[in-house]
Amino acid sequence: MKVSSVNIALLGAGRIGSVHAANIAAHPQANLAYVCDVVPDAAQALSERHGAESAVSAREVIEDASIDAVLIASSTDTHLDLLAVATAAGKPVLCEKPIDLDLKRVDSELGAIDRTQVPVLIGFQRRYDANFAALREDIRSGGIGDLEIVKITSRDPSPPPLAYLRVSGGIFRDMMIHDFDLARWLLGEEPVEVSAVASCLVDSEIGDAGDVDTAVVSMRTGSGKLCQIDNSRRAVYGYDQRVEVLGSAGMSRAENVRSTTVERWTSESVWREKPPPFFLERYADAYRAELDHFVTIVQGDATPYVTTHDGRQALALAETALASSKSARIETPPTAP
Amino acid sequence: MKVSSVNIALLGAGRIGSVHAANIAAHPQANLAYVCDVVPDAAQALSERHGAESAVSAREVIEDASIDAVLIASSTDTHLDLLAVATAAGKPVLCEKPIDLDLKRVDSELGAIDRTQVPVLIGFQRRYDANFAALREDIRSGGIGDLEIVKITSRDPSPPPLAYLRVSGGIFRDMMIHDFDLARWLLGEEPVEVSAVASCLVDSEIGDAGDVDTAVVSMRTGSGKLCQIDNSRRAVYGYDQRVEVLGSAGMSRAENVRSTTVERWTSESVWREKPPPFFLERYADAYRAELDHFVTIVQGDATPYVTTHDGRQALALAETALASSKSARIETPPTAP
Amino acid sequence: MKVSSVNIALLGAGRIGSVHAANIAAHPQANLAYVCDVVPDAAQALSERHGAESAVSAREVIEDASIDAVLIASSTDTHLDLLAVATAAGKPVLCEKPIDLDLKRVDSELGAIDRTQVPVLIGFQRRYDANFAALREDIRSGGIGDLEIVKITSRDPSPPPLAYLRVSGGIFRDMMIHDFDLARWLLGEEPVEVSAVASCLVDSEIGDAGDVDTAVVSMRTGSGKLCQIDNSRRAVYGYDQRVEVLGSAGMSRAENVRSTTVERWTSESVWREKPPPFFLERYADAYRAELDHFVTIVQGDATPYVTTHDGRQALALAETALASSKSARIETPPTAP
Amino acid sequence: MKVSSVNIALLGAGRIGSVHAANIAAHPQANLAYVCDVVPDAAQALSERHGAESAVSAREVIEDASIDAVLIASSTDTHLDLLAVATAAGKPVLCEKPIDLDLKRVDSELGAIDRTQVPVLIGFQRRYDANFAALREDIRSGGIGDLEIVKITSRDPSPPPLAYLRVSGGIFRDMMIHDFDLARWLLGEEPVEVSAVASCLVDSEIGDAGDVDTAVVSMRTGSGKLCQIDNSRRAVYGYDQRVEVLGSAGMSRAENVRSTTVERWTSESVWREKPPPFFLERYADAYRAELDHFVTIVQGDATPYVTTHDGRQALALAETALASSKSARIETPPTAP
């Protein structure tokens, strides 16, 4: 029998909502109380799968006295409002990235949310990946000396539907925002120069929609540390997630993971398995660790590891990269208010 | 809420019993009802950790009407008796390896157990490892053509306590028995020639106890397929578990697993993580998959993948290898009655 | 007995001159006739080692009727003048990189050199590396589809002496120029946008000398292909030379080479050898292949694979990167006259 | 100009003779004086390629006063006679393996050869491979503690012609003899128990000819060290040459080499290059190092690294393995007279 189980309301029954629902249901100290979605059928289907209640009104669910915490996995444009409601109600939140697509709005509304002092954890799940965590430990422990360069490769297997792309905020705010968070986390300080060079190479319809699908970014922190990121919306070999850090005493790198260690040697070649198909497989453990950490936060035994300020800074870098890609200048990110 | 949950009684609260207890407790369709051990404190401690009942009499627990299935993880000398009791009571069993240390006794008692037709799954968990399963699929799919050679490397990190070694049945029956099962499973047919060459190199006290700690075995099947196994009781770099299969159209091999993909390049070397410390870590997923399969068997939706006959054959190969190591002859395993 | 041997005069008896001297001496169809250096002792020592004559006047040697070809490995500031003398004398030249440190001077003097139509091969030896050549073949064969991103990692083991750095032209013209050539060769078209972000992190004296020691560059070609380069003057684990190319149908990457395949597994870690210490070891085969190609050119059986135009373009990119690192703008390289 | 060049007569103009001819011709301190073969056209073709004289009578060539040393690469049945002639003439010899196919004959004739005290180097070229040499250094330096197990994988890409197989002496004397030498060299002591299990799986005509094509061997030395060897006449993925050594303080292993480090990631898989096609490519560097060592021996500056005794012992192990494969016993090799 589970004691002191945390009752969680899940807002959003889409792809990432389903991941969180399953993780909550399997967590020994968490209980999936509600699944809420503007599409009633989606809420009902997901809630039934895990023996939860379904709901349509997020506000009612958040304010339900039996609810201990809220997980926001609804569409991006609802994040800030739901964050405001939940924190006002005193309910700790795990909020999917990005906080919003508009830095100005974030800067105007985050203050009130933060002043509630209710814990908010932003869902940059890669920080919970064991491989990247090992790199960070190599930096913090001094194992590679003073950090000098961070290199991040992040490529999706294939572009999302155009309908999604059109409301996504573009490659920098939708996709590279994960890499900006990872970069800040590894660099340990803020980038002050951002240069972005980008193209539409994968699908001309992406370009017609005003976006790009292939982008490289360089950044420089105040103390001179450098960072390179490359993104592509298409890597036919699978979801490509690699990070490398160079320091004065060495270099550490995290390669793509594989589900087995098998090699097959034939008359054609030496064959190995491709990386996982996409983020649900690649970060399955990270999502579980993130949820576990959130439960600990709700129980009062930890504080958020990824703060609203982190969410704001990643968005600021994304907007700066977008600006650089248009201005052909090396741009400086706006500081937080 | 879990429906149609399988009530399992766990017999044996030692190291491997603890693994099974945790897996049963975490399984969505299983319930750990009892933990039974001849040491009452051990049973109580483990049962309390998972909210189960504790018991001392295995027979009473097995015959308890609320119990759907039995997991035998007690000392080896109790396996055959408990198998007899459980199958006579109509309770499906997952029984840890080896069935027994005495092939004669196995051959005399297994008939009655088998005639109950109650499902018995023998705990050769390596068959549930994703890496080795991929090799077997490469064989069965024809991906490497006709199988010719199976090579198994299996080395423990360090020898067990002498007290354990003295009742273990020796390296062939205690340790290499896993490799014999893996070999049979991959070869797809029975070895008919067994040659063993062995030494005591790790600890002379092992030799004083009449055992060896380093052993290599060659086998040949009826159709001429060959197999090599090497075992050592000590690999200072961790638990070494590798398998390679050569066929007419290629070679597949499964390397040791690692918990991260990180490489660290320093002025000394290129560093990578060692393999997992021991079998609990290395086969954590395999034990979960084995338990999951057992639950499916209890539910009537599958049949045992590792049968009592498999358990008997692995023991027969172990005894044959032991005989060869003493006779300096290439020996033939006794066939089943 | 060697027939139709090519008589080569080597200008410059320094580190790279010594490499070329040994390769010429070992080549079955080449003969090291002269070693020429402004330091007579250096010329004499190197010439004696290989049974050649020594000389001080490059002009006299070049114009010696017995000389078939000239290898320019003297200091950078002499390259253009010696190229002019050699081509005027009708002697094919293998000229070390860079052609010069001043693009304006190159653009004003290269025309006369080219008009002689005497073959000139520029010494970007990396094009002769088997690993990078395999990547290029993957691009040209369509093996990875349409090329989208080129990524180059190039890090020296440790900074050169300050005295060298002061006349080197800086990291972009001295070191990254190799990467610019490699990038153009792999991209198959000219970069039209160059963004450089750089720091002095390794040694503050490098900064005091007006240079940087750590730099990242992004580039974009006319058709939108992207390129990332990172350089550091210090990689404590050895000379780091890796290239990766992403295309619409796959990704190919060339890792660092090692002198053996040995892994050592100990209680500490899994150990592998570091990459080679520096370029002499890393590109030993490439220098031999370059010399072999040059001999074929002199014999009239091939044309230069790396032209003076290639030398000019790499320098133009280096100057553009330097400009970008100072202007905080994404710059466009000047086109050739 | 080469001074004190060693004049070498090559006996045998076949496949391996051609390798040695090219290496002698390219060696700065060696001169290929004669190529001798019972097939005059073969001798002439190979000698012309390298500017040497051709001859038919080995004895005349050996006794030619201008000849400093002899390289025996003729058919196996001529080795002992030519060794006798050359050593009687006081000419140092590099003799290809095996010395002979008949241990009795070797034991009766080697005494006279050895008593001449003329240096004889036996051509087990694998000892000159940098990878295996690194393993041996790991053993001798104590890097892996006390040696316990040696594992050798050695597989040819495809069987030789039946005509060759019929006179080859069989898989143990023709192919595994290399592995026996490597094993002795790594073990550092003599095997005293040999167990062989073998099959004909690749080509039934090999079986019809009285030979096997797939074989595994276990050995034990006097002090208890163990060794496993596996051989196959067919590995469709190329020439497979791997060695692993386990000791009390670690494990070292040498993997197959590759000509590039390139990986190609596609929608199908992660591709890497296969190992080299066969021994000429795999051991090209080793053959050069062996020849270089031989030149040093002829010059009086070194003593043979692989002696006639080593050649005799490898043959003794091969005969013992053959006997074991027929007797189904673990056999003891005959000691040298």
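Side notes on the structure shown:
Order of writing sets the chain letters: A, B, C and D. Residues in each chain are counted from 1.
By definition in this document, contacts are C-beta pairs under 8 Å (C-beta built on N, C-alpha and C of every residue); 3 or more make two chains touch, one makes a residue touch a chain.
The model shown is predicted, which means the values in this text are computed figures rather than measured ones.
Across the two interfaces under comparison, B-C and B-D, the one joined by more C-beta contacts turns out to be B-D. Each chain's centre was taken as the mean of its CA atoms, and the one lying most distant from chain D is A.
Centroids of chain B and chain D (each the mean of its C-alpha atoms) stand 42 Å apart. Here the CA centre of chain B is 58 Å from the CA centre of chain C. Counting partner chains per residue, chain B shows two or more touched chains at residues 235-237, 240, 249-251, 265-267. Taken together, the chain A residues at the contact with chain C in this complex read 145-146, 148-149, 151, 153, 155, 193, 195-202, 214-220, 224-228, 230, 232, 234-237, 240, 246, 248-251, 324, 328-330. For chain C in complex with chain B, the touching residues are 235-238, 240, 265-274. Residues 1, 26, 28, 51, 130-131, 134-135, 138, 143-144, 249-257, 259-267 of chain A are the ones touching chain B in the complex.
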